[in-house]
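Below are two complexes that have chain A in common, paired first with chain B and then with chain C.
Then we have the complex of A and B:
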């Protein structure tokens, strides 16, 4: 017996009779769910296993009798828990229940328009299906149907056709219970009851797309999919989300070689049935006009020219062979691609100068990642069971939305204690009821059931990882590292960083190098500690490196000087990119690569759980990074033998996890920050979920719900500057400034916060830094 | 019961060989009655010479088709010139020969082609595939697609037989304006479907000289 089953037996079980069959279920189970166990389908609209019971649609009426006493009228089976001695008769055995259901269906259909032929939901519509299975075959209604103006924009992404609505309240319950954004509600009463938004609070929820997916009729539709297709036109492929390290299971629907929509997949262990709007709607970057069609080579005239694959590969090989080169992978590669980069750097370029971190980073972080190994031993389930969750430089709603949903679920359910190490109480933290702590030493109340979640921004604070590891050691709490990008965890495991080989093997360990060298069939592997991203860029700038291979990297994610450094000292730049970017503009050779929907592979989410995805666009002609690197390595005469992602996955699996000694944990003492005075403040920022990220290109409806740039200041600072909400504030450094409306919020008096990469507020480009910097704040 | 034993199964005693053999027997009969029967056959042939000829000298002479003859398709317009097609693709779905290809597009305030949210941006009918069954016409929710009586659909290349939207759209009649142009003042798509739009209003754009 597995432990899960053992837990199940502790629960009190109840036996009921449904349609003459006995079924034993845990106490508290709803009748409708017990019937499902027997395979009896009771029609329903409002019932959803992850939402609280509402009994709003009345479609699931059944006859119920308890200990010989029958309810006088049919009851809604989605609201009544089972009890001992209960006898339930569904529409299959009770004429009364059947007639009641048919009656409800008839009432629901009275005002439901005959939009089915043109409705997005037609073909996958619970109302359509259940009207066929449990409704009358003919309409008796001869009046005029009630109509509303259609469609109404709930937000720029979600449109509402009010006459299609059956008032099941799934969308409003989701927004309130799951997302914590109660911005939509049922207005009016009677026949005019309708879903509506508040006049002052727009429906700016990061999770609004889920309401479209769970709507049991076509009342809520996504603006970008509306009227584009019907379910039976689509070819669906199970996929994984490429946007963050939460690792949502997804479904990608393709028609005529174009992705038309993406839906949240079902995975009870990870995303349950939800995803965020970025994962759902940010996929148009694949079909952007900036997409690179074919290989390009910079000619004598300094311009990029289209070239054939053999030409481009020959030129790239000439630029790399025997040269001192570094590799920047970018944080969005699949595990297999990252592995190909890692192998390519060691075998073809004979260097450990490889780094996947295309953001602010530190050596302390690299040491921390090496000391963690590749078996993280922390999962969503630990968050579910935790007694205390500490967020260190991590903003779940913006940086890993499904982690936020999981935390919020526990906060609602049992008042999970959340502490955030940040000077800012963000909207997300507020929803989690988080306590603000500014000093890691003052965090208390941790046990072995607690989880410390550390985000990628910890690398921006000197000594932060060291303090986290110390705190975890002293309290036995688990540590979860949740980076923002989907490829980062996989890149660590694949060894796409200077101090690690695949499987978490330290480069410094000779036995680890021999291990990998024998798998790869090479004499030896380079032993020198590899350079980090910033060192690679610096070395490229001053001539210590001759060439750089760059995957999906935006130089402005790293520093304001990064692009300039790449231009220096006639560095040869090979860019493997999806679309034209700042890097391709300066590259000597540009090789186009496949986007996620055009290839198969896997990501590792923050738990280290593999998230496999298949090629969704079957007839795509693009090639994945690893295929190109393999061809390039062949051209250079140092083959890496990775013909497909399956081959790479198999090889990486055969290498396995390192069983030797792990690297030591980081030991860096924290820096003391100079306290700001007067108009000065310490800058804090993070990336909002919806911002100027390159993968959100080409989707104006999604951008329409992004939170606008603002400068978050404390009440005291606002008072001293004479500011009120909405007044313009200018935040400046020697390099430049950001001017945005002020928002007075809960933030430490010495700090201010701005979004890192939103319209009108791009920290690295505008201010030259993203956090920890002393800036001047004045009224604009 | 024998599954084959239903009323559709031919039986020996009705249509089978035995019956055919029995009927062919009289031909061998050399009696006077048989000779008369043969003359009867020649008489039918002879008398046809004096009947009115049905042959039409096509293409010099063209006869009108039956009123409901299934000919080339037409994409109709509302009285003010806006297209009736909303790009819903139901015709393409109904088509048993997969002859219709539709791509819908969004109407914008700057470019309104049909009343409501969507219009047919790309509309193609492949007349090499079309079997003129008319299921597309039944499927069309806005009566945008109907069939004309035009039957002369032959050409020298395959590509010319894929008719584009321009080839299929009904011509502008008097009082119509070439879309894109705004909807009739004060109207909604419902007004259009109820047939309450009389014709183009001067406020919808430059008046047409048709």
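Then we have the complex of A and C:
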């Protein structure tokens, strides 16, 4: 018997009669849920299975009797748990219940504007639908309706139309209970009761879009979707989010070839029914003006010119064939595309010089990833059940929002203990009630039920992965690696890194190479340890590489030198990109690739769980990276035979997981940092969820809710600099500076924090580094 | 406006009375009114900060209760009960007459800032209907004339004493401080229960 079953049998079951049918459900089940089990739908507005019961709308009234004693009047079935001996009569069998529901509906509609023809919700509106199924067909109300100004913006992306609100409190409960952002509340009382914000503080929650999705009427609407479409004109495709490794299931709604909105999909194991605002609203990048329309080749005049596919491929093949080339894969490739890059590098370029890490990275990290293998054995469920979660160089609210929601849920429900290894207590950590620890050696209280979550920024701290592995070994705690981008876990599994072949096979292991060579039908695979991203760039700069293939990389995510290194030498650059970028500006050949909504494929989220998606824009003619690489490999005479993502997925699956010995865990001793003195501080930064990331292009409403750049400093430092909140501070290095308002917060006296890539604060471009560096901090 | 260290320390002492900080929200809102006469944005922000609530949460509470005023009220806030019993006993007539007398409508304040008017809901003094409350002190068994005299007195800084409660009528801000839990030492002054309320008790004591 599995443990899950064991739990099931422990639960006390209760049998009740609903509309004459017996139903047996776990004790504590609400009547409305028990009825659902029988397929009986009781109308409702405020009820939501993931929110605490509110009984706010009264639409779900039913007649209930217990052991022969009837309640004197109909009861809200969404707030009453089942009990033995309970007999429930819904609107289907009780005239009283039916009349009560109709009465409530009539009351709800008295002040409702009934402006369905101009309401975004019309056509998919629970109020509209249930008014038809459980209401009167004609209104008897002849008075004057209460009116409000419509709509008011409660943030740059959410609009509120108070006239339409049925005061169900779903939005306010979501904000408080799920997101921990109680910035919208039910204000005023009686007939004037309304949802609202505090006038000066807009609804700045990373999760605000969920309220738009769960509002059972058209009271909350998204600024970007407003008046754009009717639901019945949309073609919906289940999809997956390309933005982060949380792995939200999504739905993409397209009308005539254009994505109009994305909604959170349902997946109880992953995102439940939520997503973050980036996943919901950052999709306009695919229709940006910078989108590359067709292949381009740099001419004699030094400019890029449109070219036909055969011309461009011939030119690319000429630049790569027989050359010493490296491959940089962006962190947002699908598993299938990453696999194609991995295969292309080995088969067509005969090299292991491939790396998906287009960010700060380290060799220690690569060793850690190789030693971990590809069966991670850690999941959201482990977070749910953990006795202690330790966050190492990882900010879930900014870097993996659904992980944040899951942790927050357990923190609220049972006071889950969270510790964060960081000099900063971020807003997210504060919500999690996290204890701050600055030294990994002082973390205690871990057991085999604990999870250590290590983020990609651990690569910026020498020895961090080593310490994490040691801590896990000595405590039996599980380790989860949660990178920020959606494609990174899949890229590891696909072998898009210099020390691993697909399925977690160490490049250094001859048996592993033989394994893969036979699947790929080649004689042998390159054995030399592949270069990391920074080494590839360096080699491109000093002429040790002749060519670089770059798929979806922003050079400023890696280092301030990266672009110069590519530009400096006569390196041949092939860029596979969605939109024009710093890389396409210097590339010799540019090949346009499909965005997620234009292709099918999958990501692996941090658990290693596949997140499949179908092509949402059915008639898109764009080609995915793997299709293009396949054509290019053919052109070079070294085919990789990956005509479709299905073919790639199948081949990768057939390869399977490596069952031989894994690489040893990293063993790097931590560097001793010199304590800064005087005006100096150690720079600390991470990327906020909403920032200057290229995939957020073209969506000003979303950008309007990003957290503004500020310099976080400790109270002591503020005092010694004579600073108060809001005063400008200048953070500088030899390379340049960032000037932003000070925010006095919980941060170690020796550190300062700035956002890594926000307006007015781009660490790599402005300071030349993103963390660990000694910077000078002065009053501006 | 920012609060003085003394004011902050009073707020802290109010918070210290409760096992959970957030429970102090209602007295703190009264305290803010005792300083500014109404719930100011600064007050909301300060309370949010001190109680670790969002400003929206404080707004929700302050807009729910009609005792918290979003706009300044008069030094003497006159509430005339117009719920059923008081209304039929003369409350409606009093309201109309006084409103006309002062030239202000419901929820308005006289230009000199002395008197504001509000239709109030039942104040649990039906046995003295029609009832008027000024700064939450009872004026029982009122008439049109008595309330006109009351407001005229208030405007000249010389209001009559309440029927029950302290011997002199305190101002809106002074009484807000009392509602915030800061004693003015007058709790024992004047009668608290009147004849009508005690009638039944007295009859039963007499064995009737």
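Following the convention adopted for this analysis, the second predicted complex is superposed on the first by the 775 of 780 C-alpha atoms of A that agree within 3 Å, B and C clash if a C-alpha of one lies under 4 Å from a C-alpha of the other, contacts with A are read in each partner's own complex, and residues count from 1 in each chain.
Keep in mind that, in the parts below, a contact is a pair of C-beta atoms (placed from the backbone, for glycine too) under 8 Å apart; a residue touches a chain by one contact, two chains touch by 3 or more.
Nothing here was measured: the structure is a model prediction, and the numbers come from that model.
After superposition on the shared chain, chain A has more residues touched by C, the comparison being chain B against chain C. Of the two partner chains, chain C is the only one that A:197 touches; chain B does not reach it. Looking at the shared chain after the overlay, A:768 reaches neither chain B nor chain C. Of the two partner chains placed by superposition, A:85 touches none, neither chain B nor chain C. Once chain A of one complex is fitted onto chain A of the other, the partner contacts of A:26 are absent, as it touches neither chain B nor chain C.
In the superposition on chain A, contact of A:704 is made with neither chain B nor chain C.
Once the two complexes are overlaid on the shared chain, A:118 sits against chain B while remaining clear of chain C. Judged by the touch definition given at the top, the superposed model places A:227 against chain B, while chain C stays out of reach.
Counting contacts as defined above, no chain A residue meets chain B in one complex and chain C in the other.
Note for the complex: chain C touches chain A at residues 41, 44-45, 48, 53-60, 63-64, 66. Across the interface of their complex, chain C is touched by residues 181-189, 196-201 of chain A.
Residues 86-90, 93, 104, 117-118, 139, 141, 190 of chain B touch chain A in their complex. Put simply, chain A touches chain B in their complex at residues 117-118, 147, 151, 226-228, 230, 233.
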